[in-house]
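The two complexes that follow have chain A in common; it is paired with chain B in the first and with chain C in the second.
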Partner chain A sequence: MSEGVIHDIGYRHYDGARLGSAYGTRALFVFTLRGIFGLGRPARSKVMPFFLVTVMLLPAVVSIVVMTLMNETAMTYTSMPTIMQAVPAIFLASQAPTAVAPDLRYKVLPLYLSRPVGVTQYVLAKYAAMVLALFLLMAVPLVLMFVGELLVDMPDEPLRTQQFAAGLFTSLVLAVLLAGVGLLLASLTPRRGLGVASVIAVYMLCLAISGALVGTFESVGRTTATEWAWLINPFFLVDAVRVWLFGGEVASGGTYPPGPGPALIVIALIAFTLGALFLRYRKAAAR
Partner chain B sequence: MHILVTEGLTKRFPGVTALDQLTVTTGPGVTGLVGANGAGKSTLIKMLLGLLPPSSGRAQVLGLDIATQGAQIRRVVGYMPEHDCLPPDVSATELVVHLGQMSGLPRTASRERAADVLRHVGLYEERYRPIGGYSTGMKQRVKLAQALVHDPQLVFLDEPTNGLDPQGRDEMLALIRRIGSEFGISVLVTSHLLGELERVCDHVIVIDSGRLLRSSAIGDFTQATSVLTVEVEEGTDALLAKLTEAGQTVTPQGRALLVKVDGPGTYDAIRDAAVELELCLTRLEQGRQRIEDVFREEVAGV
Partner chain C sequence: MNTVVAGITFRAMLGRRRIVLLILLPVFLIGMAFALRLLGDADQATAVSLLQAFSIGTMLPLLGLIAGTGVIAPEIDDGTIIHLLSKPISRPVIAQTKFLVAATMLVLFAAIPTYAAAWILIRGEAGIALGFALGATVAGFAYAAVFLLLGVVTKHAVAIGVVYALIWEGLIGTFVPGARKFSIQQWGQTIADQLTDVPFLKSDVAIGFAVPALVIVTVGAVVLAGMRLRSFSLTGDE
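After this line comes the complex of A and B, so read on.
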């Protein structure tokens, strides 16, 4: 019988499971996703993401209230991402640097690369986390609105299932496109503040140029040029892809170039940003 | 069993040869890798991790080839970088658990291991606070903990005592000694200070400008250069003359005399000389910087 307590049990070896790099990639994905929403970080890191999530949910709540009280639809699923476009843009600007900048600025990357994960898996995990975060931000309000519509069950209005699907599609394509642009810009400027500023600047620039060109071309009556000028804004670019595939009203209020043009631009942009992101990290890893 | 084998390992960057025909072999235990800044220590570690392909030559870590089995090496090896590498807004626990998972440990196992290693490196309540508020000593401990979290067979510690105060340095060195003996994890530790490595290493490799100067067991270093530091209050010159007369090899160094130990007779000679000259002997000490002296001699000889 021993009554003593052994406090220092000494070093214990680990002989349990050692999982592969796919598991490590997933762990990094979850860690990054949590970081984007400030989970497991100090309270001040949670303020911005959760404020923006709340703002995104407001129109959905208003829409449900309108459906309940007035028995009519207040907002289309497809117009939601474009009407609220400033919110995903700010979310991207404030949170994309959170996902990639500290690892570069504080040189955390070598801690990852000295483990089984490689540069490719690292970039994919970061990218996937940013895509999912943006998708959740834009899609959750749509889902909430759709659940509301199911529950309210308006007698005069048919269920807008196809439009809901089109809205989810827009959110997904936007998430994939914006995540790449945001991470690329943020990874080029490892200081978080500069990252935030550069992402927001690029968005504002697109918004302003697109608006100015649309106005100019419209006033001189050049319809085709006006149609293409809309697409400089990434939100309308993706909206144009949605219109081409699903039909429905044009969220910008104008018209888009017909055919697969916008879709090809989106694919090219995604390929470019991903490629540039890989090159950026290949270079960062070699240091 | 060999922990580390390199054969003619060479790394050339444009304009500079970081590592030149390095051929060394080390066994289990603590191995010191010594060299001035820029001698190629960090380059060697990156190559041994399989992150930097060699220009020529081969190397094996734990029997795994660095050119083809890098991923397997990184699974069973830990790495503590020389530079700062910790994100400030995460707690030590959160970071070490996460990096344990990155090494392939399931989440619950990683939590347990992280708690264990953080305790072993001497981080307690503060491990729940964001790393940004840590002192340099605490940060070095976190860096060490993340290298140990997956219970590696070998750890590469790149300048672990960098930036530490003398007490922190002593604690870090004691910890490294424990990792090598008690934990049973082989260690390759780099430093540009030779003196501190002799206290913890079984084997020392000295490189300079990417070339091997010397690789041998710690005993070989000290045997060859066992030196006594002798200090008296006054009459250093008289003592020097007396000892030289008695056939001892003596070199003055500042206020002290360095006496080469030929055998037990050396101690007697010093004692007798001090008594005869009626000197006040204030210091009689085994030379502290033995390896450095060897190093100095060898660098001078190259």
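After this line comes the complex of A and C, so read on.
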């Protein structure tokens, strides 16, 4: 064995502040969040997210107009995320791959991990960015609608503060659940197009299976089975949790199984997707 | 039609994980048909609603998207399309071959399972099985052509295709009846409606509009895809 010596060939040393892993994680989080909305990328990456944000805002605007002109409430805060469910689903499908696929495809993960950012921080930063992006997509229209309601101040209608809070809760739980599922599916393939297709396919499969089973069970009169069949669709699953915690009308128009069952399913799903995501990245990092 | 290109495309489509996506939906459709049969609910009304909502409404657009963009978009994405384009094969022929592969996939994974599901439910009653299978076939051709064109034109083909299938055909089509006139799945339903004689199947589009529309869209999209490939330039991703 030869004696290895690192020669000091006179380069200047870095003696500034070492910003550490928290700073790196935060930077990755902000970078991912901006990337999800196409900020800092060319204009054609901005088209899709901002188109979907606009579509998401339309019902809130319509609702404010109705409140102003006709003095009545047009839409409930709690049903908004479920009525518009196709939009968050497409947003997740089109943007989750942009958050994870390039790093896998160009194999730059080792470059990240050679810095103070570890696998855990990397996954958490990506996950947090996706959660926040989805939450913003669903919650901003609700906030807009609530501000509209405050400003219009309808004389006959009481302010729906509790319902607004329930709507925000639904958005948050949906964001936490969907972000995990979307990132997990998208991280399985380094190809963006395939990632988009697999996320949307899983959503449409849940939508179609839930719809078909509900229709069938209803026509043969199996009430309990119908209640559980609604929950195959993740949006109604979270809606069921909201109904259990906050009460209020059921957004699907049917009934959900009573008790904490749906909430436990949501917690189990979140734990599973996060666990699988960590395992996936532990494996991807090893290569 | 170039058999070598077709063979390579087939292998690329069937040999990867993408096949899981292609198989999942038809398997579920046939599973549902069996379940309904066993529950004793298999009448014409259930068959029509299952085929309408699941087969033509969900499965066909999704498979059309996966097959139509899948035959060309991944190659453009990773740049290997350059090897294909540098061969002395006319670009329109490449587009036509890719279209034929996608169309065949849709017959295999959408139209035949549709026929099978209908046959499991109600055998050959009232021409429902044949009608929906044919409707799924022609609508599948149109989807394959349109999504192939999208795959050549833009790198965001899958996302745009999903927006068309979910928001235009799904969300807007339910609220604005006029939008249904420009929906491929409605045209497919019109064909199915023509071939079946059940009173509760109502199509929104006249056959005189649906058939020319299907032909124009399919042929037009394949020709445009060929023309676009002729002046194709590879650009970097973002």
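What we mean here is this: the second predicted complex is superposed on the first by the 273 of 287 C-alpha atoms of A that agree within 3 Å, B and C clash if a C-alpha of one lies under 4 Å from a C-alpha of the other, contacts with A are read in each partner's own complex, and residues count from 1 in each chain.
Everything that follows uses one rule, which is that a contact is a pair of C-beta atoms (placed from the backbone, for glycine too) under 8 Å apart; a residue touches a chain by one contact, two chains touch by 3 or more.
Here the structure is a predicted model, which is why all the values come from computation and not from measurement.
Within the superposed three-chain model, A:103 lies in touch with chain B and out of touch with chain C [touch as defined at top]. When the two complexes are overlaid on their common chain A, residue A:45 makes contact with chain B and with chain C alike. Of the two partner chains placed by superposition, only chain B is touched by A:114; chain C is not.
By the touch criterion defined above, A:212 lies against chain C but remains apart from chain B after alignment on the C-alpha atoms of chain A. Of the two partner chains, chain B is the only one touched by A:10; chain C is not.
Applying the stated contact rule after C-alpha superposition, one finds that A:23 touches chain B and leaves chain C untouched. Shared-chain residue A:194: touches chain C; no touch with chain B. Put simply, chain A uses residues 41-42, 45, 102 to touch chain B in one complex and chain C in the other. The touching residues of chain A, counted against chain B in their complex, run 10-14, 16-21, 23-24, 27-28, 31, 40-42, 45, 102-103, 106-108, 110-118, 285.
In the complex of the two chains, the chain A residues touching chain C come out as 41-42, 44-45, 47-48, 51, 55, 86-87, 89-90, 93-94, 102, 188-189, 191-194, 196-198, 200-201, 204-205, 207-209, 211-212, 215-216, 219-220.
Residues 49, 51, 71, 74-75, 77-79, 81, 83-90, 94, 98-99, 101-107, 109, 113, 116, 120, 130, 146, 150-151, 178, 182-184 of chain B are the ones touching chain A in the complex.
For chain C in complex with chain A, the residues that touch the partner chain are 17-18, 21, 24-25, 28, 32, 35-36, 39, 41, 46, 49-50, 53-54, 57-59, 62, 65-66, 69-70, 73-74, 77-78, 156-160, 162-163, 166-167, 170-171, 237-238.
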